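Read through the structures below before going on.
Paired with chain B in one complex and with chain C in the other, chain A is shared by the two complexes that follow.
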Partner chain A sequence: MSLYDTVVIGAGLAGLTTACHLQNKGQRVMLIGHGVGALVLGSGCIDVLGYQPVESVEPVRAWPDKLSSFMADHPQHPYSLLGETKINEALHAFQGLTETEYQQNGSENWLVPSAVGAIHPTCLAPPSIAKGHLGDTASMLIVGFEELRDFYPALISQNISAQNLGIETESLTLNLPEPGASKLNITPIELATLFEQADFRQQLVSVIKARCQDYDRIGFPAVLGLGRHAKVVVDLEKQLGRPVFEVGTLPPSVPGRRLFEALKHTFVQAKGRMNIGTKVVAGEVKDGRVTQVQIETTNRLKPIIAENYVLATGGILGGGIQTDDQGRVWEPVFNLPIDHNSNRQTWFTPKFLSPVGQPVSSYGVVVNDRLNPIEDTRPIADNLYIVGSLLAHADWTQGRTGYGVALTTAKHVADLLG
Partner chain B sequence: MQKKSTEVLVIGGGVTGCGVLFDLAQRGFKATLLERGALSMGTSGRFHGLLHSGGRYAVNDPDAAHECIVENQILRKVMPHCIEDTGGMFVSTPDDPPEFADEFYQACHKVSIPATEISIEEMLRREPLLNPKIRRVFTVPDASVETWDACRSLVVSAAEHGAETLEFHEVTELLKEGNKVVGAVAINKVTGETVTITADLIVSAVGAWGGRLAAMADCDVTVHAGKGTMIAMNYRMVNTVVNRCVHPSGSDGDIIVPIGTVAVIGTTSVRVDDPDNYPIEEWEVKLMMEEGEKMVPSFRKFRALRAWAGVRPLYQEKGAASDLRAVTRKYALLDHSPRDGVDNFVTITGGKWTTYRMMAEDTVDLVCKKLDTTRACRTAETTLHNPHGESKYHTLGSRLQKLETGEFDGQLICECEIVTRNQIEANLATNDRHIINDLRRDLRVGMGPCQGGFCTYRVAGLMHKNKQLTTQQTNKALVDFLQERWKGMNTVLWGQHLRQMQLDEGIYMGVLGLDKLPPGLSGIDEKRVAEVETEGYYEVS
Partner chain C sequence: MTTSHDLDEITLSIWEQVQHSADLCVKCNICTSFCPVANVTDMFPGPKFVGPQAQRFRNPHEISVDDSLDYCSGCGVCSMVCPHGVKVMEMNAKARYKLYKTKKWIPLRNRILGRSELLGWLGSPFAPIANVTLKLKPLRILIEGIMGVHRDAPMPAFSWETFRGWYQTVHKKSPQRVISDKKVVFYHACSVNYYEAFIGKAAIAVLEHNGYEVIVPKDQVCCGLPMLSNAEFDAARQNARTNINSLVRYARAGHKIVGTSSSCTLSLKSDYRHILDMDDADARLVSQQTYDICEFLLELAQAGELKTDFQPINASIPYHSPCQLRAHNMGLPAIELMELIPGIQIKHIQADCCGIAGTYGYKKEKHDISMAVGKSLFEQVKATESDVAICDSETCRWQIEHATGTKMIHPVQLLAQAYGLT
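== the complex of A and B ==
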């Protein structure tokens, strides 16, 4: 008998969510992650479908309306494999999964400002970000700090104004009060911990208060606290007398970090076992089933055995797909086939911000509708499941489907196994 | 249309043109230089950064080798702030013909290159990452040289003698009266304005474009463009210039030059038809990764950061055979009066970065002769001004030290290259900056391993905050800089570097949504992308 029902490999959003769902269903789950994944890099918002056609610059308002045409254009995309119902179930299940609140704007996307003042269409957002919704014409003051290198309020407000959204926008750049004043290279995470101090907030409010009277809402860089985030926002809103919202910064992302911590909390509360900082170096497949995976420990390789295995190691960025100068592309744990062109010149388009995506970003593991990896049409191992951006044809830049794919595939595997 | 006149007009702002301008000005000529882009945006900004000792040419081209060692010693004196005395080694690996080593050693001594053989143990003590299977090692006085500073120093020093430099002025026509060239028509690429400049004498110093320019005066000059590709690795794996001890003909990717925080391997040598359009090919990248391993066995474990290519101006005598490597690396100074019956027109092309001063001296000697005056050259004795007013501005070590001693206190905007907000703001305050690349050339922002992932947004934010750029210009500056970086990177993306690129893509698309700003605002303009593509301006070596 194995110690675990399921081993989940990878601690990005896809792996964490799968692990939480399964553990909540009473499974014994082991979650192994080498790093913490792209959660701490991104905005912390769940994008489901932001652009369709994907090269359009007009954001999708109601994503369910555009989903079928997206699927028609991308028949091999994970959404096309699993369907709209599964996406909705996944979003619903995610909202109940942690103590952190995520809001949906009916069937519409939230249109929230980015740190250059571009529109970011997203499906689920923490309330602190959703309040920056650009579909709402309430005026805004964007506040930033000289000490924070990763946020330029004037650029944000002027780009918002230039898009003629009917929102009056202004900016304000302040010096941080003590004890932030001398911290010239402060990171978003450090600043978030300062915001948790009542004293610090008090001093800021005293400077901002007089200057924000003409604005309906106030935008801050997304640094409004970590663990005590909700309290920080409530307090600021009370003192300033108007809604306060967050705009994402360059990484590390504080909202992403909050989500990571919240998911971890859920999993650990449910008595899941987790091992972060450990790499799975190999997996063994015999007669169409995975029999074990091996992790790296200080002096030897150690086998981990379970009934089922979920591979959530991400794409190239996550480490789930490796590449080299000779044009080789491989999946390093099970050596699963990755369909690719070994001429590196075909991996990229001439353009960096490519509206059609870099071809290399669509490389991944091809699966059946149970998300088992397949060779030709035959499953390679029927107790092995692939979720998240390791999947083939799941380049998140195309239509902005990143976390939507992570959640939907995670839910599907949880339904199959739980 | 604007009209100007000058005594001697120099066309081309590579190191040769800048050198000619300074020499002319110092000898008291009224001189003007026209460059179609920014200074050093041609071959001089896309070379390997090596101040040759001459060792490389000792066996097959002793004259060129001798020129190198003489100039190497002069340039160390006249532009010390542009040179890092790395020293050089010639190593004979198990893949190299063993008999060449002795031939090399003797040839060096014949042309007074002080080559010294050292033991393998000594080599490994100095450069622990070199291949322990190397059989013989010779040290030579190679060095690395910073081209932006050098060209800037030359024109700044020339300006003190009254010379004028016009960047972003492309010569489109040479004016002739009968068989005399009397001036040039140039287009100001920033304003679109046309400028006519008349002169007593015109010097063409346009390198690989020499044939095209000569044709404007109806002279038949053949300058082949020999493309060479180089790759910057993310780690300064050697502190010494390392050359393979082999015959230079038929050998590619056999030199590693440490520059700043990186090491650069090069080069290939391929004849191309168009000096403005020469894509890097995959085989070149593969080859250099393989050749690198022969010198530094762990070479491929480091990350290739970016690749770029430049075009060697290779002059071919009228009627000579055209095998590329057989074309001399010596320079050609052509007086078109006896050669083609066209007066007041001189072409200087070919040669090497290392020999630019000698080429300039020869050129200005000819100018004197043609204008019938005798004025002595003093460039070998005159130390150039350092435009930054301090030495070794571009080395990371000196900046790190400054940061630690509090001299540059301020916000770190580019962590890889240690560039602070104070430095950027000071630079913005004194210069009219419209593109992030200007700052890159001056301060090296975005040149480190993260390839601008973080600092591009920060620099753009600062330029906007300081009202240097409008909102729309800021968006454009961001997009252009990222696109230009992409062009240098996408031939060397795999492994860790590809992961880094995906992170940068995530930042600019996922976090910032820069690609989804409405067209009028985003600065993403298909035509501009195409231009950046072909012009490939300002790649730094």
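== the complex of A and C ==
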């Protein structure tokens, strides 16, 4: 008896979204993830296209206008394979997946401040982040805490000012009020749980209320609650009498964690099966079909059998692609072919944060328009689908297309299978 | 392309070197953001710091200085969420051993909590008296003062009759007992033997109903986990060796070993090998043949061999998957199994840990942390307004029952009920 219709391998955004869509369509889905993936590191915002041409320093505002030129420049990119309609359908379907009201700024990107006050162009953002939109000239006060290391309100506000956006910006760094006053050091998640306490918020408001009168909106590090986030924001806005927004912190990210928990909740509510902590170590292909995968439990390998298999193991960062010092590059589960140059010298450009990306980041699995992996032009297994940053030519640093690719490819597979 | 032949040759890779897995850490802090303890107390800086980061400073020839390590509950959430395969919890357990070794003493309280079997053995014959006296507040305050066992920590009730006693004197002689070529070994652990014999009986009933003869080896002892988590590795190894010697005979004959206690089966599967470093052929064989009972039954279901003559149970029941069960890395077989019962709705509570973590929540200085860790779980269980809730692990059941007043059962009890065996 096969217990599952589909096994999804990888618990990043691509895997979780595919799993949610399929489970909602009535499939029996097993989601297996070796750890939790880049979702809890990222901003929690969905980037679709942030820069075009990709080496441009000007962020894209109306991304649908730039899409065709991006596709023309990158004919092998997953967007080019699946088309603009699919991207829009995917964004729409994602918005219905969780209770968080991810917002779109019409046909424009949100321009939200990053953890260092740079502009982050992004397509869908939770309301708490969208309210920091830098396309809006309302003045802002950025508030931070000494105990939350690596979040510098002064740096953020100075960088925003330096970009001449016409936004009056100031910063304020405080010590944590009670009941956090004894802490020397605090992590974003710990601070998020403090924000969920009414007495902490009250103390905080009493310290900053008088000092925020001259500003239209108040920016806090993105730690405004975890499970009770919406309530925390409403309460702060009420007490401070003005909009409150969140600015991303360095990883781990609380908004990313919220998104992870929300998707997990959707999946589990729909009776999806989930196994986080386990690695898929092998897959078996016979006569053009995957017949099973093997997971590594604490004491033995266990076969997992389903009708369809979705591989969402991420790129080099996610563990979906392995490399070694000999210049080998491989996909460890099915040993799928990865087109690559075995001379490691060619993998990198001298600039670490190069806008055209590192060549090695484009390495991935080549697929047909059903997202089945192919060798030459023939599908290797017609019940195996590849989604997310494991795909070839899907380097998210080029043009900032990260979660857009994850969502679009997930939606495509859900449409094919559901 | 990988073939089935290759599959057999793949060895379990991640466990090979717990300490060396520190080198895989990229300092992303995912583990810290998920650690249930670090998020509720300042006493513990979190898994990244005390695990892979501190590991670099743990010279084998020098003393260990990081006392905060003692606040790690051993729940294993860090190892589960780490995307890079760092075995943080296992690293912490080993470092704690070193910490206590350099201190040269382990509090009497920890030694006693580490000996659940001795406690059970002392308590069972006096069950009625012991059960009443342990409920007396003044006595509990006294025990807290002298020993540091928190006055409010949950105390299970002793059974009058041990499970093994029942098996030997009643069940073995019963004409209804199933004798079959299909045999399975039951590792009952202390909780079933001394406190919850009814769970052992339910397990036997369900296994026999499916045509298995159940063997209960006489020479099995406490798995040793309570000693291990109280840094008594030598004592834990003695217990481990006794169990391995007892169980390996059956493993060699190809029999599977099942247990109802998820932390004890985890010891057999993993801790002996990966924390106590007893990675010999016998230990491996026992490990490979060990199953959580729901895992075993679900595999039967998958093979079409599980009886499905369940009577409907029309109820919605909350279920908590304990951290020690999730650490088996096998998924959540209990949910899939229970959902085979017609009419049942299993409400999977979203919480990482109940806080008790074996003996952790019993300690005076850690009880409040343990209750804070479990807070969200308790709230969710209460919100369901169900009279009964389900959990695979005994100390977690006791903790949740104690905190919420909800009657807690093991999944196998529900199965026994659905089969009409109780």
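Note that in this section the second predicted complex is superposed on the first by the 417 of 418 C-alpha atoms of A that agree within 3 Å, B and C clash if a C-alpha of one lies under 4 Å from a C-alpha of the other, contacts with A are read in each partner's own complex, and residues count from 1 in each chain.
The criterion applied here is as follows: a residue touches a chain if its C-beta (ideal position, glycine included) is under 8 Å from a C-beta of that chain, and two chains touch if they have at least 3 such contacts.
Not measured: the values here are computed from a predicted model.
The superposed arrangement places chain B and chain C next to each other on chain A without a clash.
In the superposed pair of complexes, A:Q326 makes contact with chain B only, with no contact to chain C. In the superposition on chain A, A:Q104 contacts neither chain B nor chain C. Once chain A of one complex is fitted onto chain A of the other, the partner contacts of A:S43 are limited to chain B, with no touch recorded for chain C.
Using C-alpha centres, the superposed arrangement gives chain A a vertex angle toward chain B and chain C of 90 degrees, stated as a multiple of 10. Legend: residue contacts after superposition of the two complexes on their common chain; A:I276 is shown touching chain C, with no touch to chain B. Contact with neither chain B nor chain C is seen for A:Q239 once the two complexes are overlaid on the shared chain. In the superposed model, A:E190 lies in contact with chain C only, and not with chain B.
Looking at the shared chain after the overlay, A:Q95 reaches neither chain B nor chain C. Legend: residue contacts after superposition of the two complexes on their common chain; A:R257 is shown touching chain C, with no touch to chain B.
The gap separating chain B from chain C at its narrowest, counted between C-alpha atoms of the superposed chains, is 5 angstrom. The contact surfaces that chain B and chain C form on chain A in the two complexes overlap at residues 41, 251, 319. Against chain A, the residues of chain B that register as touching in their complex are 282, 285-286, 289, 300, 304, 409-413, 421, 454, 457-458, 460-462, 464-465, 471-472, 474-475, 478-479, 482-483, 485-487, 490-491, 493-495, 498-499, 502-503, 505-519, 521-522, 524, 529, 533. Of all residues in chain A, those touching chain C in their complex are 1, 3, 30, 32, 34-37, 40-41, 182-183, 187-190, 193, 227, 251-252, 257, 261, 264-265, 268, 271, 273-279, 281-285, 294-302, 305, 318-319, 333-335, 380. The touching residues of chain C, counted against chain A in their complex, run 1-4, 6-7, 10, 12-15, 28-30, 32-34, 38-40, 42, 46, 79-85, 266, 269-270, 287-288, 290, 301-304, 326-332, 335-336, 339, 348, 350, 376. Those residues of chain A whose C-beta lies close enough to touch chain B in the complex are 38, 41-43, 50-51, 57, 59, 114-116, 118-120, 147, 149-152, 154-155, 158-159, 162-163, 173, 184-185, 248, 250-251, 253, 315-317, 319, 322-327, 343-345, 347-348, 350-353, 355, 358, 360-361, 396-397, 400, 402.
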